[in-house]
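The block underneath contains the structure these notes are about, expressed in structure tokens.
By written order: A, B, C and D. Residues from 1 in each chain.
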Amino acid sequence: MKLANDKVTSLKKAVTSFVRNGCHLSIGGFTINRNPMAAVYEIIRQNITGLHLYVHSNGQGVDELIGAGCVAKIEIAYGGSGKFAATCIRFKKAVQEGTIQVEDYSNYQMTLRFLAGAMGVPFLPTRSSLGTDIIAKWGFPAAMRCAEEKLPDQKLIVMDNPFNGWSGADKVVLVPAITPDVTFIHVQKADRRGNCRMQGLTFADVEQAKAARHLVVTCEELVDDDALRKNSEQNQIPFIHVDAVVHIPYGAYPTACYNHYDYDPVYLKAYAIAAKNDRLFKAYLDSHILTLADQQGLLDLVGSERIERIKADPRTGYAADLDRR
Amino acid sequence: MDYTLREMMTLVAAREIRNEDIVFCGTGISMLAAMAAKNIHAPKCVMFFETGAIDAKLEEIPLAVADSRVMYHTSANGGLLDAFATMQNRITGDLVIGILGAAQIDKFGNLNSTVIGDYFSPTTRFSGSGGGCDVASFVSRSIIFMQHEKRKFVQKLDYMTSPGHLDGPDGRAKAGLSAGGPQLVITNMAMMRFDEDTKEMYLDGCYPGISPATVLEHMQFTVDISRAREIPPPAAHELKILREKCDPQRLIL
Amino acid sequence: MKLANDKVTSLKKAVTSFVRNGCHLSIGGFTINRNPMAAVYEIIRQNITGLHLYVHSNGQGVDELIGAGCVAKIEIAYGGSGKFAATCIRFKKAVQEGTIQVEDYSNYQMTLRFLAGAMGVPFLPTRSSLGTDIIAKWGFPAAMRCAEEKLPDQKLIVMDNPFNGWSGADKVVLVPAITPDVTFIHVQKADRRGNCRMQGLTFADVEQAKAARHLVVTCEELVDDDALRKNSEQNQIPFIHVDAVVHIPYGAYPTACYNHYDYDPVYLKAYAIAAKNDRLFKAYLDSHILTLADQQGLLDLVGSERIERIKADPRTGYAADLDRR
Amino acid sequence: MDYTLREMMTLVAAREIRNEDIVFCGTGISMLAAMAAKNIHAPKCVMFFETGAIDAKLEEIPLAVADSRVMYHTSANGGLLDAFATMQNRITGDLVIGILGAAQIDKFGNLNSTVIGDYFSPTTRFSGSGGGCDVASFVSRSIIFMQHEKRKFVQKLDYMTSPGHLDGPDGRAKAGLSAGGPQLVITNMAMMRFDEDTKEMYLDGCYPGISPATVLEHMQFTVDISRAREIPPPAAHELKILREKCDPQRLIL
């Protein structure tokens, strides 16, 4: 699979093939940028439930998955969508109502956990969080951790530095590796075999991608086989990690995709309003996800005028002078 | 000259930023403070986001640290691993000043940005640490923005997300953290610092028209007010730059 | 220093400022590619001695530093120059004669050690070398390690996986962080403030660079201040890590620099012959390093015809059809 | 058809490489074996170097794994961290077949590429592990190239640089290494495999004209020769491709 020459498929098929009820899922992006939103919407449409979600600072994607009832457990550092929702609204509600279980880490810790998975080591060390409740309080109780084979027995471990204070550190925190069953990321360019090139910030997408058993890449541009072989130091993910490639222009919409489009402030504000109210949110799910066939359906619903407004200015990579108030 | 408390907070923080600082910025007024410093008196200071963006040319205000606006005209567009390593590494980390915010703070500058109430069945859930805990763990100097309210300056945090001085003078060393910790708390009323010996918060100054007694009324714990001075209001040129160059669209102010 | 706007200086000054007798030094590159050779030659000219050298798979640079008598101790994974010297000749000789002390690690371990330094953690874990003499035999004895403040007390530590077999690992090897006093790397492009862009493979240069207390960058092209701020995901090292920038075209010669020039097979073969014989090697040091003023002197000595021959073909990045027999 | 032993070795190794393999290559005949496989019967196999180059288009023979020739027309140009993580990570690592060489080998396929003599005052120093120890530790399958000489097939290694099956069937598991280990030893005389139960080397086959007895004369230890067959010589089309497409300049052959 990982070495196939042509991995291009439909999003429907990619989700059906790799996302099962209760599976361990990770999605790329950061708050309101480069979330794999088309994939999120397809997961919602396929009514996947009981997901165990791993993210660092995710916003829109996480909130919609939780709001749609797909998520049972989440390991996360930050659930927020910038100015549009300082705390993600459906995430907040779900935690307060106890409908999802949360395990809290810091952003660096989550990133190191993905890196550990990508590297094939059981843990990585950091000096972050010593003395805090991130260490003291475990959202997933020890008994549950021991019972679930796909979870490490410990949330993290504080250890004395075995190298006698080397590097000025007396103690370190070891954080356990994550190996998601499947990771979804959205990138600017990919070829049919799965080589990926991201532009702008990569966040922790590379680590999330390489840690996963299966990796589905959605891309703005599906390029010719040789296109990415020039200046290939710009390809952050070689094809050997990739299981499926799906070509979806505006696949990160309503979040941003550097050099292609900005986030849509109109959408994100309307979402925040709907998310605060169960009835409105149900209507939102119906009108914007469940009754639509695919991402193109969403773009049609939103209308070309709004899509035009968020198109990236080629100089800056975002939509300059966009009304974001 | 009229000014809002939000403008005052931003400019008080900006004054603390030096030309030799790498400024770790969050969203909102923390990045605005760095932008103001850069435009007013510290043109060489470097703005730095946990997302991996270094020294962006912010032609517009980013609405999140992952906003594409932080990716334009940078020194490097990396990722989270790069950003946090830069702070954990003492060679570069000691150049960084962090700007943080939280829902609760205690007298040692420890922060809660996770929950109100019991962690396992919270009455209010917040976004969580993000990079806050990492920055607070790694950098030797940080500035904290807070709203001055009794429910926010608490005797005991409901959850300690980010380490300040922990339980006092030896707190960080005992826990295994590097030296340093929070230096400054900037609120909508006042500015607090931490005593060199006790590591407890004390009132460094009040904004014009606000008395130390008023400040204390807005906190669950008492702090030393004997060192309090009046903090000068924003100067006209500071306000002008802040309003016209930093946030002309009033997205944050 | 790290935040200065203009860090451009001469190589002479950079070496004088940052390289002291006995200091802990690291050089970038891999075997016969992108070694910072101009810097190596300047270190030799300045007659620096007693260096403690950290490298992974370095070839030409290491061998010349050792041959010139600059090195007292070396921590290394591989001393070879490809087909030109399966084992570096002066390195081999120095170890056999006991004139340098060696500590052996694997390539991944050395790279992780640089990464640990760059990350500011005391160690990183790997599953490499379990059961081998890399673990059992310490080139630097424990007593020496404990006596020297700049060395960790242990070469490495084998530890049971504290996460109860998580990730399928029962044991891990912890390798200690390296923080060189100074690292030299040679890159394709840099600006005056020190932002760096490498092309082709980066090897472990990024980690070696970010681990060091001081970083000196030599570059093929010194570019305008704004040139690297476009597509800056291609900049592997931002200026905040850099102390000095030196503009030296052909600064990696006689090793290769992708997109600029190839290694010089004539030079490397002649070097291998000279290196095998003490008298010839002394003559080589005199004629090719000590009596020359700088890298330009070496290029002049070699002559433009040979330099012309190794110029990179713009399509492939190396000198196609170069006679390398 | 005439052929050299070096050609034979290269082609014997090439025959072991499948279309579904990521081939970790070193310099010399190991990369030539992969190039031959790719050109003869496994066009989809992926060549991979520890320097971080994946699936290069090798228009010319690289003379080192850091040769700029491995950087041309690749899927990605990364670094050492990427390369070794790909092998240590079981998801991708289990797709990798490693090709290694050494100065000494023992009956369990453990390798020495560091020193001859005492480690602390060696009579001969070699290059050292490089990525050899890493590859041997991580990948589940590997091929080892050796010259068949008594001083190279030894009772006891002077230094164990890279783990084979260590001290036998449970060796790797006891040490904490992942399953797998060397599969095949290819020499200038013969091909050896490792017994499934004992993990000891046995003679799988000899090159045309070479007897099992001759093979044994060139080793310090004895191996089971009962399973030995004659290995077919290079076919004309194999040789033609190897000579004309893979190494026309005879840089390695």
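The rule is short, and it goes like this: contacts are C-beta pairs under 8 Å (C-beta built on N, C-alpha and C of every residue); 3 or more make two chains touch, one makes a residue touch a chain.
These numbers come from a predicted model, not from an experiment.
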| item | value |
| --- | --- |
| Common touching chains of subunit C and subunit B | A |
| Centroid distance [mean C-alpha coordinates] between subunit D and subunit B, Å | 56 |
| Mean-CA-position distance for subunit C and subunit A (Å) | 37 |
| Subunit C-subunit D separation of Cα centroids, rounded to whole Å | 27 |
| Whole-Å separation of chain centres (CA-atom averages), subunit A against subunit D | 40 |
| Multi-chain contact residues (two or more partners), subunit B | 71, 73, 77-78, 88, 90, 138 |
| Subunit A, residues touching no fewer than two other chains | 117, 119-121, 126-127, 169, 172, 179, 200-202, 233 |
| Chain contact topology (line, ring, star, complete or other) | other |
| Chains grouped in pairs wherever the two touch, ordered by label | A-B, A-C, A-D, B-C, C-D |
| Subunit A residues touching subunit C - in the complex, by the definition given at the top | 116-117, 119-127, 152-154, 157, 159, 161-164, 166-167, 169, 172, 174, 176-177, 179, 198-202, 231, 233-234 |
| Partner subunit D, residues of subunit A touching it in the complex | 2-3, 5, 117-121, 179, 193, 195, 210, 212-213, 226, 228-230, 232-233, 235-241 |
| Subunit B to subunit A touching residues, read off their complex | 27-28, 50-53, 59-60, 62-73, 77-81, 84, 88, 90, 110, 114-115, 119-134, 137-138, 157, 159-163, 166, 171-178, 249-252 |
| Subunit D - residues contacting subunit A, complex | 19-20, 22, 44, 46, 54-55, 57, 71, 73-78, 85-93, 95, 138 |
| In the complex with subunit D, residue positions of subunit C that touch it | 29-34, 56-57, 59, 76-84, 86-88, 91-92, 95-96, 98, 102, 104-109, 111-112, 115, 126-134, 136-137, 139, 158, 168-172, 200-207, 256, 258, 262-263, 312, 316-318, 320-321, 324-325 |
